Amino acid sequence: MRKALFLAGDFIETPDQIEVTDPYSGQIIAAVCAANEKITAEAVDRALDAQPAMDALSSGEVSVILNNIASGLQARSAELTDLIIAEAGKPRLYARGEVSRAIETFKVAAEECKRLPHEIIDLEWTSAGKGKQGKLIYRSAGVALGISPFNFPLNLVAHKAAPAIAARSPIILKPSSVTPLSALLLTEIVAVSGLPKGAFSVLPCSRDAARKLVEHDSIAVLSFTGSPAVGWNMKQRAGKKKVVLELGGNAAAIVHKDADMDAALQKLIMGGFAYSGQVCIHTQRILVHESLYPRFLERYADMARAIPAGDPRDEQTRISVMIDEKNASRVRDWLAEAIDSGATAVTGNKDTDGDAQKSAAMNIAVEKISSYVAPTVVIGAGKGMKIWDEEVFGPVVCLRPYVDIDEAIELVNESRFGLQAALFSDSRSVIEHCFRRIEVGALIVNDATTFRMDHMPYGGVKDSGFGREGVKYAMLDYLEPRLLVC
Amino acid sequence: MRKALFLAGDFIETPDQIEVTDPYSGQIIAAVCAANEKITAEAVDRALDAQPAMDALSSGEVSVILNNIASGLQARSAELTDLIIAEAGKPRLYARGEVSRAIETFKVAAEECKRLPHEIIDLEWTSAGKGKQGKLIYRSAGVALGISPFNFPLNLVAHKAAPAIAARSPIILKPSSVTPLSALLLTEIVAVSGLPKGAFSVLPCSRDAARKLVEHDSIAVLSFTGSPAVGWNMKQRAGKKKVVLELGGNAAAIVHKDADMDAALQKLIMGGFAYSGQVCIHTQRILVHESLYPRFLERYADMARAIPAGDPRDEQTRISVMIDEKNASRVRDWLAEAIDSGATAVTGNKDTDGDAQKSAAMNIAVEKISSYVAPTVVIGAGKGMKIWDEEVFGPVVCLRPYVDIDEAIELVNESRFGLQAALFSDSRSVIEHCFRRIEVGALIVNDATTFRMDHMPYGGVKDSGFGREGVKYAMLDYLEPRLLVC
Amino acid sequence: MRKALFLAGDFIETPDQIEVTDPYSGQIIAAVCAANEKITAEAVDRALDAQPAMDALSSGEVSVILNNIASGLQARSAELTDLIIAEAGKPRLYARGEVSRAIETFKVAAEECKRLPHEIIDLEWTSAGKGKQGKLIYRSAGVALGISPFNFPLNLVAHKAAPAIAARSPIILKPSSVTPLSALLLTEIVAVSGLPKGAFSVLPCSRDAARKLVEHDSIAVLSFTGSPAVGWNMKQRAGKKKVVLELGGNAAAIVHKDADMDAALQKLIMGGFAYSGQVCIHTQRILVHESLYPRFLERYADMARAIPAGDPRDEQTRISVMIDEKNASRVRDWLAEAIDSGATAVTGNKDTDGDAQKSAAMNIAVEKISSYVAPTVVIGAGKGMKIWDEEVFGPVVCLRPYVDIDEAIELVNESRFGLQAALFSDSRSVIEHCFRRIEVGALIVNDATTFRMDHMPYGGVKDSGFGREGVKYAMLDYLEPRLLVC
Amino acid sequence: MRKALFLAGDFIETPDQIEVTDPYSGQIIAAVCAANEKITAEAVDRALDAQPAMDALSSGEVSVILNNIASGLQARSAELTDLIIAEAGKPRLYARGEVSRAIETFKVAAEECKRLPHEIIDLEWTSAGKGKQGKLIYRSAGVALGISPFNFPLNLVAHKAAPAIAARSPIILKPSSVTPLSALLLTEIVAVSGLPKGAFSVLPCSRDAARKLVEHDSIAVLSFTGSPAVGWNMKQRAGKKKVVLELGGNAAAIVHKDADMDAALQKLIMGGFAYSGQVCIHTQRILVHESLYPRFLERYADMARAIPAGDPRDEQTRISVMIDEKNASRVRDWLAEAIDSGATAVTGNKDTDGDAQKSAAMNIAVEKISSYVAPTVVIGAGKGMKIWDEEVFGPVVCLRPYVDIDEAIELVNESRFGLQAALFSDSRSVIEHCFRRIEVGALIVNDATTFRMDHMPYGGVKDSGFGREGVKYAMLDYLEPRLLVC
């Protein structure tokens, strides 16, 4: 299978190509055409040309287009689920969930495009404005560039495309080179949605071609989801663009002394190991009040060992291989480094964890695959170890006890990241205290750090990002306010 | 002292008059001119005439007027405090607080008048509106009538006048016949504030004259604060008017098992006995978790007995006489009825409570005044007793233990009223549960039922009221939306 | 055909019935069961019982229910169109349009139910609130009663039901006794929408039974669309209910000297004669600048005469019979009265207008039906004539010249009504001047007075109504704010 | 006079200094201490230390601080006016106006600090969020750096400081080295306002020291007002900071055929020559409909010649010297270049404009000062000439006729800038057409391009800027949203 790229409404074959591998089977399952600089430049020109057609759309018409895309995704959801499994190695349950969320993302955009935050501004506050009134209208800020990562090959593309379209901004998307297939399937749906030609391109391409786009003078908005190093560097090369960065973190959860432990365990197993922790808001660190710690650790480790591992196509599988061997190696190296420095892995693969108990029988097959990393619970980790300080982006969770809440808060904050954090407690004063003190974009109470709704404001502080996504909030970045004083 | 009434900008002497008595000394301290039907009718005509001048004001000009009134109140705050003490028998600390709050009420209005909730409405949702946009503008709804009670003779007048002026609605105020002096002093300030003549009248008058105003066809808005029976009856006689009713209640507080008892005691002594409970949101019923009940009751009764009673002019006094003997008698009758039905007064006046301990020495003088009712803590009260079911509007607080939170919620709700309630707890889930289940306008957590900020939405459900005050919210009632489709 | 009524989720046969007549054929086409007082009382009890189930719905669940209703209407739109034609005699084009709008109304509600105007309120403005924050949440205000008229048998029911459901308020609907069939068909759709049982009843009933409902103590909200006399009387009998009145008017349009005459003519022919003027915002009066008047009159009369009249089932028909003979007679009487007083009908039926030209051939059949009133253009009408002063609710349009814009504004305003008005002009200053001076709920620029979008705020001032409909705005009436101070 | 700088609450003497010259007298009037890199670094540290104290302030306390500053400015307004005249050469009328506006800016901030755009977010849109609610709270984004230009030495400092304080963000200000005195006087007022120490520094400094601040890692927000070249370069060097750029433009006004010519002339003389055009939104280009052009040109030139020039201290003076000779020379060079390329100066200094008429007698003195440039009206200018393409920032206005509105729109848009534009017309359709098509931050109808209210959103598109100021809008840049999911 060789997939054309989607250039401003047309499916185009190019000489260059990028091969796509199924992480579980290790087989090449497709090749996608890659854009060179000529094609990326043309995409920009065609996007600029499409702006007047976008501007001419009424909100009702934009809404219909976005709903058409949602319906198209719905109609092909089984196919999309299979594609996400195939290109990302994501267990079926989670792949299916991602498709549902992408549909929701477009549906939300279909509603929000009718609710731009236009304002009437009273200008009569002083005599200088007597008799005048302001009308503040939001319009497309211009052509957007969206760059998205491998881990949500459909929904993180949706989170660029849907708000851009809702804002009537033409958008050029560079999907992950590892998982470009879902984005290209989306183009087939967009192509028949009624969206003006030119307003949407999906261009798998080399890093160099992407770099040219990032620096392109005619692009007004850059929205990037990916690694912190790449993102912050882009900000400096982005010229006059508005920039949104959705980067990563090493999210922490606090399980306070009054927590509902059963609920916390269940949520945090999911938060820690869903999609092998390859999630920006993966629960990487769990801080447990000392009064609960021994029991929590025991049960958490047991539950981690019991997570059904296997072929992502199996309905029962909850963990499978990582995206590629390079990443699995990296995780193993980080674990080894931590163990060398005094940490202990109480569950996990044999090579990193000699005495971890055997996993369930069904796990045996996947365990032989070199890109598989078993759910690994680590104790004794801390500052100076990569699995504590950096974004592990793998199925590794560090547990650590604490004595009082301020100690826990300090541990959460001793990080250069600040995306989301979780707190399990029923105490209003503890919740408010943590909310005031923990430096994150969102504090999730009584759920995992991975909690996200597609319409909620989402994004980090510190090195975790710049700006917010979530349809309504993301739209603001694709819009420009225009004032009429009359 | 004989005070003129304020008719549309002019101070007018009338033959009729109402005498004003100092509740503490029992002396007549002033007479105020009373409006007859001719004068009330003229006030309406002059208010209608003032509408164009009001409409012509820019928001900045309205803001200056309201700030002028706030400054005027500030400049005369000592005088106003003394007047409130004199006409209402309100202890100095509370009288001074009322003046501060009235100033704040006008200041808030000076800000909110510049922030009407104008909207731009996207009309392009369907093809029928393509090319059209709506502009929703709020304008004065017309002449307003405000009727206010005795217990906050200045600030409850401010809560009618300030939002009406902010909305550019001429307003006619009928103050309480018992405490009209503060409102008339306010007119002296308004008279030099720059407000267009005719836009403000203060008319002490008989019930009959007031009735004519309530039914007057040219008045667009009626805002009444007072007793439930009078208020609900007015709604039916109000014709085509918009109606706001701020009535009373028998507010309850829950002290849950995890409450901070010291804080709860301190707040609820204030909530129960400030201004002898002559407050719409007076804490009339306190429900205490059984685990805390014995200790709470003991301490609460001790604190009630220790409340400094005396001359309202004394800086130390925290409780004094009630507004008049009729009300004191009514409270005594209700107490007697409750005691007959099995309740027990553990503190209070000797005649209602044989074995209550002696009050502190300073209380002796005031205790001889027949309109004084000492802080009375009652146990064993419940459904069927007026002090439990009706609005006691006196210094009576019923305490009662409960076993689980749903029982407490039921007790709060077994009332035809629903103004405010209080809850002392740090449990997020208990707070949310109570908020969802308790039928009140506002649930106050960890403070007394009497908590009110002048800019917050304030008002009750069930028989306690209709609509909301609090400057921004009250303004909506004096405004009418007007749509321009263009 | 005998249709059951819809009592709290069940289709119930009753002994009483109301017969429904096809206004065009004069045939009885159905009978509907009528509710007696026992049934209406039961509907209230069942609605109260349904409140907890409604309150328990998440916004997403309410949205699904409302979208299910929209889809159900879509699926049966042909049937609904035929039913509206049959029971209301509404020409097919307009009947079809009404069905589309009812679908839109539910779709809008499916979006707005997720966007209640909850607020966070900063309470730290003064030291009294330091450390506190308010959370203002909107909840169902309780059981609602909707009463709707004959002229939009589906969409005016939708405008009660959709916002009530969106607000999670159980609602009891009394449809017009003349056109109850569409509302009953809607119940079949609601019955399978997932709405909790009890939350929706449609009860055709006698005026007496309806009266009991209007006065029922357990109903919290009354929303009435219908005639001014009935509506204002209801307000006085409504007890403690919130009341919304959508009444009528004698809407006027101004055609200013700089108007685009072709556009004005086309829009105002539609505004004047669509559905025989049986529309609350029917263009009853057209004021034309003297410079355009002669030419405007000539063309308007020609166009009125050319309106295709006939069987409402015909695709081409644009005007047909009125709802019943009683109304047609009334219109004829009013015309006769006006002609007696000096007005002239330049088009219209022979009996009222001796020298009006013959209508087109196709009109002959319908002209023989006694409830048919031909498009009637009147000149020389004015104050003192019912066709000028009152709501004619028939195919009668009065034309009148004016000299300057202030004269036109005065003519618009010399009415006890103020629902909508229209203005044809491109002058910003004229538009703003008219918007400031014309007393109406909405001023429509460059379109007919009949312009309405289902999501826009809609309602009148003066005798035309009380409150606003339009989904988001109507929802506020079915909601009650609840404050949590924490 | 040697002025200390203001380092985190302390007045500090430093060895380095910057001399301040009175542009009119040419005399050095003061020296101000200059910060070196050690001091700027300390200011950052002290600002970081002040963050907790800022975060601890309630909105009411912040409001009091901001109102204290406003009152302080009011009390010293005469002194401030004189200082602005002295350091900036700004005519008294305009200097006085600037002080009033700075007071207003702080007053607006004192209101807006109580109205952060906190939101409650319904998370129950899908089942994944059932039972959850979001609370979106805005908090200080961290330490801010404000860099402001010479032309509004007080109010452009206020536009950085007031919103930063309102957002509770410590701010370090680098004033213009040419006009630092007003900013330093402001520090005396801030020092006694109650603002926590460390939250405000004013540091005149060298370009190198400023550059270090721009690149400082601990600063979260950079707000720059100044020249486009400097601003856009800063954006690239700003690292992870949020950046706001308020740059310049070559603003154009359209005088359409239906314009009120008297009003247009009066407004555009002010827009063109107030403060010698040293204003970002100075009206640099006027496009006049051909039907009005000859008469407009004649009258505009006459009015330009009649502008009272002279000593800025004189009450009558409306134009005086430019900020310095370098700028005056630049303007003269640009004029010469334009004249060489075919343009004609119909008014102005003799050396650029041989046959311009003599100015009024009072102008003679100022005309001898080399930094004075007389009001210069140019015809025949266009693309390729700096006075048309670039920001002239001097008293030069180009007039040009056009035939149809689209031609005028194209002329406005043939600029790399897009700050504000003006349109004189009463036609609604022309206004809407221009608003849709003209690429600017704000289109001002029937007033000059220089119209600005301090609370209105202000800022440009294209090369004119990035982001918006105006208190409420500027505050968003100093704030960071934080979400609590509960």
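A, B, C and D are the chain letters, set down in written order, and residue numbers restart from 1 in every chain.
We adopt the following convention: a residue touches a chain if its C-beta (ideal position, glycine included) is under 8 Å from a C-beta of that chain, and two chains touch if they have at least 3 such contacts.
Every value quoted in this text rests on a predicted model; they were computed, and no experiment measured them.
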item: Neighbouring chains shared between chain A and chain C, ordered by label; value: B, D
item: Farthest chain (mean CA position) relative to chain A; value: B
item: Cα-centroid distance, chain A relative to chain B, in whole angstrom; value: 52
item: Between chain C and chain B, distance of the C-alpha-averaged centres to the nearest whole Å; value: 39
item: Centroid distance [mean C-alpha coordinates] between chain D and chain B, Å; value: 47
item: Multi-chain contact sites of chain B, meaning residues that touch two or more partners; value: 125-126, 129, 137, 428, 431, 445, 486
item: In the complex with chain B, residue positions of chain A that touch it; value: 58-61, 63, 114-116, 118-120, 122, 124-127, 129-131, 135, 137, 425-429, 431, 445
item: Contact set on chain B toward chain C in their complex; value: 55, 104, 108, 121, 123, 125-126, 128-129, 132, 134, 136-137, 232, 235-237, 239-240, 242, 431, 435-436, 440-447, 451, 453, 455-457, 461, 463, 466, 468, 473, 480-486
item: Residues on chain A engaged by chain C in the complex (per definition of touch); value: 111, 115, 428, 486
